[in-house]
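After this come two complexes, each holding subunit A, first together with subunit B and then together with subunit C.
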Partner chain A sequence: MNKFILSKKLYRNELATFYSFLIGFLIALAVGSLILFIQEKNPFDVFSLMLKLSIGSVNSLSNSLNKAIPLILAGLGISIINSVKLWNIGAEGQIFMGAIALNFVYINTSINNSQIYIFLLLVSGFLGGAFCILFPAVAKVLFGVNEIITTLLTNYIVFGLTIYLINGAWKDPASLNFPAAAYVSESVYLPTVIGKLSSGFLICILFTLIAYYIKDKSVFGYEMRIAGGSALTAIYAGINAKQKAFFAMLIGGGFAGLAGAIELLSQTHRVSTGISQGFGYTAIIVAAITGMRPVGIFLVGCLFGALTIGGSVIQTIGVSSYIAEIIQATTLFGALIAQFFFSYEILKKSEND
Partner chain B sequence: MIDVQLIGLLNATLQAATLLFIAALGELITEKSGILNLGVEGMISVGAVSGFITAINTENLFLAVIVGVLSASAFSSIHAFVTVVLKQDQTVSGLILTILGLSLSSLIGKPYVGKKLEVKLESLIDIEEPLNIFQVLLNQNLIFYIAILLMIFTAYVLKKTMFGRRIEAIGEDLKSADSMGLKIAKTQFIATCVGGAFAGLSGVYLTLSYVPYWTDGMTSGRGWIALALVIFGGWKPYRTAFGALLFGFLEALGPRLQTYGFEMSPYIVKITPYIITILVLVFLTIIKNGNTGAPKNIGIPFFRENR
Partner chain C sequence: MSSPILEVKNVSKTFGNVKALDSVDFSLQKGIIHGLLGENGAGKSSLMNVLSGIYLPESGTIEIKNQKIQKLNPDIASSLGVGMVHQEFRLIESFTIKDNLTLSKANIFSENFDEAYKKYSEIFSLNSNFLTPINELSVGEKQKVEIMKLIFKNSEIMLLDEPTAVLTPQETLQLKESLDKLSQEDQKTIVLITHKLKEIKDFTERIFVMKNGKMVAKNLETKKVTDKELIELMMGEVKTSNFNKDNKKGGVKLKVEDISLTNEEQLKSLDDISFSIQSGEILGVAGVSGNGQVELANVICGIEKEFQGRVLINSQDVSKKGVKSRKKLSLSYIPENRLGVGLAPGVSVLDNSAIKEYFKASYGPHLSKGKMLGYLNDLIKQFAIKAPDVKAEISTLSGGNMQKLLMGRELISNPEVIVAAQPTRGLDVSAVEAIHKLIINQRDKGSAVLLISEDLDELFKLSDRIIVLYEGKIVKEVDINSATIETIGFAMAGINE
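This part shows the complex of A and B:
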């Protein structure tokens, strides 16, 4: 029969996730090179150009970090929701909803102090994201409806709502062929820190710490882990698992909503379909690849931000920007393959077995 | 007499339902074996683009269908390898399969955006203006009839053959199946690849018949609706077919609402299928009180403890 048997390792290397990521990234670069090679491009030239144009100067580096903001915030939201072992595939919709909520508040209010106004607008973005996941959360908690499908389908609904709004009630007549809402006033733009780097990045650092605190240090995080780990343990410990799941989902949705708000106030300055270019989906990769660890999400988010920028600039030399997406997805597949070798070992069956 | 609009609606319903149903049926087989594959959207997309490219370059539709089916199946084997052989998380792997499938098909489909297909899958018996429901049923293309055959065949295989019973045993109780000596990894691997092949067939139906051109993101969430359909159908082929007809009807009804005198923004009409899918899912979970009939081992990797 089988000469080899599989055995689960008793102790897993503490840095296994990190090593898996590195291995995954190398595999992804190899796959990316192969695709470039098939397209008759020199992979080395393309990658060095990507590197140069994504982190080679202060300006390009700040572009990369700006792109990282939505990836990190949405990724953090996904990781908080995953504490209760639930999945949020709806970050893309929540990002749009954050921007829509912000614009709604912006249109209907007027505050002279711009700092207070910006703060209010960011809060409304957070609430917009939380609102977006409210229905899937209620359906999950009350009736046990599969949250993966409901959060995913809300993406299509919110995207449709965005298109409806920017073609109808909110359409800026000046936007002509590219439908979009009117620009927000320059007084509520998020200021830049260095070069083009938006102060949204500082908010991002702050929220990474907040997410780390919520997940790993707070009582709520501890209760979330128990609620997600075992229903029976939660009952014995007197933890209301449904309540934890509900609040985890709302907070996680809020993180993604905040990403949309920051994107609007620092990049697009108006509601348009450009608020998110698949950030919510890439954020799933970012969160999963780090094993849902906030600090890891921050670092990988920065790397993937640079990859996205690198991917968009290489279009100028006739290379498709999808290469960046493929590298991101393949990294996770590669990491999963590597994870196997950190969790299991293949033993040879002894003769007398 | 039935009026022309109603005939058009009926025809569109059948086409939309076929597309959803084939993908859902494939996912049903995969899930029966205990493997959850969230990559349906990506697999449909891979099948759609590879079928389309083959059709444009060779003008051979038969070859195009075969290539589409096989490439989606090969693509799904990534998921099978990662989850069955390497026992990694099925949710993560499936999601990434979708993301990878969409970006990969965008990449290889890029030179073909906007190209028009010279040949497309025509209906078997060409009736210019179908007048009644039978003529509409006769006026479909080959894949529609294949879908019906697949439905009957799948239901039969799952319920009446040893292979089907094994799949179900593995999906319901891994440990017992293992002690009975069933080849779990092999069966799950095959079931996943069959699911991929079905998704590929759904994909070629999309680009060779339903909308005979290729654009980015043209699957527009149909893979996810197919996933919802499996839950709707309670993991039973015939009930899934009924669900597909219902969802297909809703998709076909949307753009026609105006002709029936409803004034709605086209943008809102576009999102109604998604809203209704969610509402139906919630409603269904409530009336079944959480017991949806899902295979008990779904999403749990099989690992035999050391012996």
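This part shows the complex of A and C:
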């Protein structure tokens, strides 16, 4: 009698992650088509309209890339933290915290040179994100508390804090019944580069390179990889694994905080619940699909930005925007299943073994 | 003599290319305590796993209570009254003693549990309420519960795999009394596996000895056999060395003074260890595993920090220094646990090749991949490592090549002090030979080597001097010229001549 067993492949195709993504995306398109078909819409028409309205013109393309910025930055943060094999589920909260920290600094300072001011505000956003993950990081390093739980919980805390601030201390009387903080002055808006494309996208490119450098080219990245591979090897090598985990978490949180700051300075211009529409969660999908590779995160982030824009515009022809989210989530699902088949093989085994 | 309650003939079992059991015969008499002796890896646990139906042998016959069993499995074994206590605990930590004892469907004391618990906890001197969860028990108490589990599921044949390894001397004495009672009053048939000669002689009536998967002695009468005979059976003949000895170049490279270490259970895992090694000298450390070897290596290499005493490298006191600064003072450590400590699983061959001196490939925060690759290529050439893809995970290498990479990484910088723990364990003959040459080569270059090994052949072949660790103490120190297999064997088994 033969038994079948799963065995991990020793050699994985370098491009396995890319192929998995493609397969996942195709599956997602098929699932999306099926749903559209059930709703008696022609999938081909809907998808081509989505395509046209998301990348068909300078304007729509810049909308898509603007949407990609928070996905990419938060995704990069998640991938840095994952270098030590930890999961950051708290990017959503860190995005909000970045915006809150920015507004706090904005309210309490005033600098005439707007470039310096913008820089200072972006830095506060980064620090806000780092601050947000400080407690999960301390709990992890000192007491070994599971970071998945603690980072998830901070999302609720920060969201509560946001609601509190925009209904209370920071509520802008001018916004009447809509809870939001006051707008920041136009002098600190992030300038656009082409069309509506925010210069935040350039920052995003820069941080993609930084993340790539940290992970792949730096001593810190190397030490994170070893610490993530085996805690005992880290001790043996004289690498302080806890310290690496701590700093990886703060940096990763900072990336997400920066996303919140850019979102505020380029899109919403004030603290409100609209700072993030689940970007921090979608970023987890983006990071996971790409196997935590910064350049992949950048590309998939752009695609998902376009999907989101495409999804929101097809509402005009009576199709729910959720079709975009379904495609995003199904892509991850399909890609993970495909990755499984790329990394495992099924072997026959005789019963005696 | 009455017919045996359990008899196996010609049983063989292979794992990959390891013959764990090689045509083994074994038999047990009812109501008697049997000893099974043998070095690590001799096949003792494998034999017990066959008897309890966990491993299915490739060939051979098994007869239990005069019944020939075709395909023994754990269910059948258990219904025929065969029960085993594994080397590692198999208790459910968060469950109570009672839950663990009654978990088996073969449980016979469901009606009168309280009464039975009272009786057997007295026999085992277990002074805990049966509602205590397992994780509140000491190691010794857990061991008692493990053995009681067999009684509660009505095992007549009790296979105990190294139960005393985790016990204190007092607890061992208690265990002996309880086992005596069980065999005399309840007519239990017991197999006790241990490394310790003294225990085998104290506990048992009959002795079996295994070596390299073979049963080399059967049913010896404990009263009639001498320690010397047992040691010879267990260790076999030692091949004499074919390397020159005495390359000592003078100049003490490594010195440890009065090292003591207390573990979490407040027991001394190292007790007042002192020695020194000269340039060009190999000091072998013999001992059954778990007698302080890992701790000693960790103290010397800076991984274990809470110890008493001093470590000196080249006359410099490094007791307070960390791992990295000791490496910079030219210390290399080849740990016993290859994949998991010496090498990081899931990480590439390239990254693993740089663990010792990655800081040399760095410029400030920048790490030069080019330098790392150059260094790895040197390693691959110089140590003849077969690594098809250096970007692939480390586990793509064979065991021998992993060890060569690890050794090469630690030796290429020509370190002055080398600590090598079980450097050839699990490797095939040609890889063993290659590793031995590397060590000798390094000795000839003037390194001082501390070689920790359970393989006496290896120790005799390579060492200039041998010390024996037993329960954290150096119980013997001999020059290789006057060392004999008996003196080392006695010391390893904890016997003072």
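Heads up, the rule we're going with is that the second predicted complex is superposed on the first by the 337 of 353 C-alpha atoms of A that agree within 3 Å, B and C clash if a C-alpha of one lies under 4 Å from a C-alpha of the other, contacts with A are read in each partner's own complex, and residues count from 1 in each chain.
Assume a contact is a pair of C-beta atoms (placed from the backbone, for glycine too) under 8 Å apart; a residue touches a chain by one contact, two chains touch by 3 or more.
Everything numeric in this text was worked out from a predicted model, so none of it was measured.
Engineer: Sharing subunit A, do subunit B and subunit C clash or fit in the superposition?
Structural biologist: Aligned through their shared chain, the two binders fit side by side on subunit A.
Engineer: Given the superposition on chain A, what is the angle at the CA centre of subunit A with arms to the CA centres of subunit B and subunit C, as a multiple of 10 degrees?
Structural biologist: Vertex subunit A, arms to subunit B and subunit C: 70 degrees.
Engineer: Give one of first, second, both or neither to describe whether A:115 is in contact with subunit B, with subunit C, with both, or with none.
Structural biologist: Once the two structures are laid over each other on A, A:115 reaches no partner at all.
Engineer: Going by the contact rule set out at the top, does A:221 touch subunit B (first), subunit C (second), both, or neither?
Structural biologist: In the superposed model, A:221 contacts subunit C only, not subunit B.
Engineer: If you stack the two complexes on chain A, which partner ends up touching A:230: first (subunit B), second (subunit C), both, or neither?
Structural biologist: It touches subunit C, and subunit B stays clear.
Engineer: Based on the superposed arrangement, let me know which partner A:285 touches: subunit B (first), subunit C (second), both, or neither?
Structural biologist: First partner only, subunit B.
Engineer: I'd like to know which partner A:238 touches here: subunit B for first, subunit C for second, both or neither.
Structural biologist: After superposing on A, A:238 lies in contact with subunit C but is clear of subunit B.
Engineer: Pick one for A:149: touches subunit B only (first), subunit C only (second), both, or neither.
Structural biologist: Only subunit B; A:149 stays clear of subunit C.
Engineer: Applying the touch criterion given at the start, work out whether A:315 contacts subunit B, subunit C, both or neither, answering first, second, both or neither.
Structural biologist: Once the two structures are laid over each other on A, A:315 reaches no partner at all.
Engineer: Between subunit B and subunit C, point out the one touching more subunit A residues.
Structural biologist: When the residues of subunit A touched by each partner are counted, B comes out ahead.
Engineer: Pick out the closest CA atoms of subunit B and subunit C after fitting on chain A and give their distance in Å.
Structural biologist: Superposed model gives a least subunit B-subunit C C-alpha distance of 6 Å.
Engineer: Using the touch definition from the top, list the residues of subunit B that touch subunit A in their complex.
Structural biologist: Residues of subunit B touching subunit A: 38, 78, 82, 86-89, 91-93, 95-96, 99-100, 103-104, 106-107, 110, 220-221, 224-225, 227-228, 231, 265, 267-268, 270-271, 274-275, 277-278, 281-282, 285-286, 290, 303-304, 306-307.
Engineer: Where on subunit C is subunit A touching in the complex?
Structural biologist: By the definition above, subunit C touches subunit A via 56, 58, 301-303, 322-324, 327, 333, 335, 337, 340-347, 351, 354-356, 358-359, 362, 365-367, 369, 389, 391-393, 395-396.
Engineer: For subunit A, which residues are in contact with subunit B within the complex?
Structural biologist: Going through subunit A, the ones touching subunit B are 5-8, 35, 87, 89, 135, 139, 143-146, 148-150, 152-157, 160-161, 163-164, 167-168, 281-282, 284-285, 288, 320, 322-323, 325-326, 328-330, 332-333, 336-337, 339-340, 344.
Engineer: Would you tell me which residues of subunit A are touching subunit C in their complex?
Structural biologist: It is residues 10-12, 14, 217-222, 225-226, 228-230, 232-238, 351-352 of subunit A that touch subunit C.
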